[in-house]
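Structures follow.
Both complexes shown next keep subunit A, but they swap its partner, so subunit B is in the first and subunit C is in the second.
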Partner chain A sequence: MTTANKKLISLREAAALVPDGANMSFSGFAETNNPLSFVREMIRTGKTHLEISGMGDAQSVELLCGAGAVDLVRVSNYMAKNGRCPNFCRCAQQGTIRTEDYSHFGITNRFFAAAMGIPFMPVKVMIGSDLCEIQNFDKDRKVMEFDDPFSGERCGIVPRLAPDFAVIHVARADAEGNCQLYGITSSIEIIARAAKHVIVTAEEIVDTEEIRRTNQFTILPSFFVDYVVHCPFGAYPGGVFTYYDYDLEHLDLITRSGKSPDTMEAYFDEWVYGTKDEAAFFDKVGIRRLMDLRADPYSGVSLRNRRQFL
Partner chain B sequence: MEKRYTLEELLTVRLAHTFHDGEVGFTGLATGKAAATYITNIPLAAMQLARLTHAPDLTILLAGWCVNPDLSALTRLPSSEYGNELLNLPCEAQMTTWPGPWSHRIGEIDFAFCSGVQVDPEGNINCTCIGSHEKPKVALVGPIFLPEHLAVFGREYIMMPHHEKRCFTKQIDHISGVGFPGGRAGRKALGLTGNGPCKIFTPLCIFSFDEEGKLFVESIHPGVSAQDVIDHTGFDLGDLSTVPETEAPSDEELALLRGSVDPGRILLGADEP
Partner chain C sequence: MKQTKLMTGQQAAALISDNSSILLFDGYEPVSLIRELLQQNSRGLTLYTCGLAFCAALLAACGAADHILAGCDPGSGFIPEAECTSGFTPEVLCVGKAVLKAQLAAAVNGGDHAAIPVPERLLTKAPALYREVPGVFGAGTGTAAAALHPDVAILHTARADFYGNVQLDPSADMRDADTLRLALAAKTVIVSAEQIVSDDAIRMNARCGLFEPEAVACVVEAPYGAHPTAFATRYRADEELLRAYEAKEDPAAFARQHLLSFPDQDCYLAGLGFERLISLTTNRRGEA
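Take a look at the complex of A and B:
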């Protein structure tokens, strides 16, 4: 583990920690809590041959697939707002990525075994289906039918899976790596415990005194966390509960662009390669757009974004 | 022919009749209009109707983590599984680690709803790919939670927004969710603790599964002929001449549905019957 005073680093430094070919897992489910500033920085710095182990981190994986950064994907659920994720699906159909299918519990139990430091977990899913029958790059390391030695009951077992890096977006963190998030956390706690290295991006960096005062919101104590990066609006164009809504227009732009490699390349040229860093990216998004997305403290959603209030 | 009710209302009321008091019902949050109507909206309306009639202690698990939400507080459909408007919807509990491995004990969920692009006569479902897995013609959204639905939930309602030959096929391209391969005995040998699929709701009919685990047509919706069902199904259904008509909702049920369950017509749409 890294010592506390070295944990708070820049986004560029954090992205540089990830080598090509790393096995990555990202926080986020649907349009919430995805570490997309980190992902854009990975794309800017040209990461390649990545291996993804995910449950529902669709937004991150969709962008990385579009950028040609991914070779292997363990997939449970990659769904964009309008259905399929076009970049991920195109790469799977053209064979430029290889996929290994898991169910939600199937992949999270692989993380769970790693998080507990045990070699495998019994499961009651995937057996009897093509998730068991078709084993691709995880052949013989995916799921196996198994009779419980105690009761004789038929079940499956899945081996532990420890990603090289978990990249997690949270609401608040201190410089020591104590992390806070309100509401749904989904797979965050489990991938943080399973991964070999944990990089956290946070909307706000606060004093440890503030963490102590509001400790009931701390989902990850500092000893699980290796690096902390300050990334305001770091889940944009996704959202973060009580901070900001997802930006439907920009998400749609990504989905539309993803329909062909040319239009996706044009998207990256304009929004990612064309902006030298996240500050430049958000200059391009514009202050007005960001302010409109801010969550109303009483309703939790952005009333402007939803055109309920002008 | 003038109808008192819409297809969505017909399916909602028939579904509601199959729930029991005290059960826990799960529905995911689907996006896309047809899928959302069948997987999310009709099940939610049916569960709430059951709560207002014969099953006051039925528990609604919306999106797997939102327990007994106040549906009448909805002003629009939630547009994202963890969207801010859903996180602020009044409810009794939020299961914050959903869908992690410890959010629900196996056996706790009595029934749930799922869908896919293909179903076979054994009730196996595909939501992963069209064509071969190695080089798919169409890569879909991934197995999601479908394997769990079919493996560990008490019983599963398969909700199919399209009743077409290509959706009801003898051989599906990927078994993402397991029905009754080799019949009920075959399923049992796999050690699956849930009871598997129990019914399939489509715009044309309701399917059920017999003692062997084989699918059959239980009822055909009013205005639909047996030939329509046969023509739109990609495998043999046998003789349908004695299959009854799907029972229509009563005026009282329709009044409850429109007046109390879904007064804003958020769930079942504003279309007139």
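Take a look at the complex of A and C:
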């Protein structure tokens, strides 16, 4: 654990903390709250052999698979706005990554057990399905059927899962690591509490006093957080509720590029390796584009993106 | 069917003709629209500045303004130091904020003058605007300042919807609203806004309202539209650029190079770059 005044670090410093082969988890569900600035920086710095356990963190895993950075994924239904995740699917089909299928709630309960400091959690999901029957690298450590000792009902239990690193994207954080997020938070708090080390990327860094004043939005207190990174538009091309909407065009570009390794490499050459840092990346995206994606204060999504701009 | 009042900066600036009188407010500086105005080579403007308006200085430096009635003290801020120097263009008359606001308030309220103490120098320098008058209720005399009816008020705000409802941010100091509503003294009100929002968003923050659609000729979306000045609820001033501007012997040349060499606001922001804009930003959404 670090002291408060050393928690606020640069994106480059934060990415350097993650070693090759790290066991990781990312925030985000579908197109929201994925820490994609962090993921791009991991790709720029050539991370490899990652083991990822995720709950719907498709955008992060899709990019990392495209970059050949992943060896193993505990997956719960990776889908993108515009269909399947082609990089992830290709890697799984060609066997360049190993996968273990979970339901969303099943893997969330594995994180939940670790977050609570208990060895396993009882569940009523996955059992009776192939998610239970087919066990790969988590064989005998995935889900086990048993009879509820109180009612006799058939149940399952899933063991705790504590990633080495969780990278969590939030709306606001202070320099001590108190974090706030608006709207649906998915399993962010649970993943962060389960992980051994937590790196937070935040749209805005605010004073602690501001966190105290609006404490109803706080999802993680500082003692769960090791490092904080200021990452404006850090979930782009995904979105952050009340900040900006997802960029469907750019998401579509990634999906189209992911159809073959060559086109994906071309995407990385242009957008990731071709931009020295995130500031350069966003200059390439264009300030106008980013401004157009800003969320309407009422709906929390972009008027232009949802074609409500007159 | 409600009518949209959304325009481009270019279209809005085209509404302002040469020799117009323009009302400006410090802290709500419509720099992006003023840049458009200068791109259109406007000339002969008379400026009323409620405070130390950077836009007034910019228009003056670029030769677009002939007269400035400044609602500030002589020599303060961006207003040229020499007040009413003979033969100096633009001619600057510093009347103080209270007097200028009283003159605008008189116009808003439908009067032809405001009864307000006026510095003696103004009585001789601008007798068309400032006069000694007999007391109405008591003995003796007082002073009166003529109501001001600018042709156009231009201001930069936080939010507007398509129809011309204009608001400050929820985090704004609403005490500024009373001053900003003096824009209603003008025959035409042109607004640039950090963000065009839905009418639902306007209703959600009704207490932040400044103008209703009837009062507004058009709205222009201009993110970072007050740069290089500050917009209190969203970003701080670009001190580096402002200091460089003030330090230059030829501010017009500096403005041409650093402010006016971009065809529109999008290109201007692209020229500043993501990192610089984010470094100035204090509150992305203006939320409280």
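Following the convention adopted for this analysis, the second predicted complex is superposed on the first by the 302 of 310 C-alpha atoms of A that agree within 3 Å, B and C clash if a C-alpha of one lies under 4 Å from a C-alpha of the other, contacts with A are read in each partner's own complex, and residues count from 1 in each chain.
Methods note: a contact is a pair of C-beta atoms (placed from the backbone, for glycine too) under 8 Å apart; a residue touches a chain by one contact, two chains touch by 3 or more.
Since we're looking at a predicted model, the values are computed, not measured.
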- Query: Which term applies to subunit B and subunit C once both are placed on subunit A by superposition, clash or fit?
  - Reply: fit
- Task: For A:266, decide between first (touching subunit B), second (touching subunit C), both and neither.
- Result: neither
- Message: Between subunit B and subunit C, what opening angle does the Cα centre of subunit A see in the overlaid model, nearest 10 degrees?
- Response: 100
- Thinking of the overlay built on chain A, is A:118 touched by subunit B (first), by subunit C (second), by both, or by neither? neither
- Query: In the superposed arrangement, does A:283 touch subunit B (first), subunit C (second), both or neither?
  - Reply: second
- Query: So, A:33: does it touch subunit B (first), subunit C (second), both, or neither?
  - Reply: first
- Thinking of the overlay built on chain A, is A:299 touched by subunit B (first), by subunit C (second), by both, or by neither? both
- Message: Applying the document's definition of touching, compare subunit B and subunit C: which contacts more of subunit A?
- Response: B
- Message: So in the superposed three-chain picture, is A:16 touching just subunit B, just subunit C, both, or none of them (first/second/both/neither)?
- Response: neither
- Message: Taking the superposition on A as described, I'd like to know which of subunit B and subunit C A:204 touches: first, second, both or neither.
- Response: second
- Once both structures are superposed, the least CA distance from subunit B to subunit C in Å comes to 10
- Could you list which residues of subunit A make contact with subunit B in one structure and with subunit C in the other? 242, 295, 299
- Query: Which positions of subunit C touch subunit A when the two form their complex?
  - Reply: 4, 6, 159, 162, 195-198, 200-201, 203-205, 223, 266, 269-270, 272-275, 277-278, 281, 283-285, 287
- Item | subunit A residues within the subunit C interface of the complex | 203-204, 232, 242-243, 279, 282-283, 286-288, 290-291, 294-299, 303, 308-310
- Query: Which of the residues in subunit B end up touching subunit A in this complex?
  - Reply: 31-32, 35, 65, 79-85, 87-88, 94, 96-101, 106, 124, 128-129, 133-148, 151-152, 174-178, 181, 187, 189-193
- Message: Residue numbers of subunit A touching subunit B in their complex, please.
- Response: 29-33, 55-56, 75-79, 81-85, 88-89, 92-93, 95, 99, 101-106, 108-109, 112, 121, 124-131, 133-134, 136, 153-155, 183-187, 189-190, 239, 241-242, 245-246, 248, 295, 299-302, 306
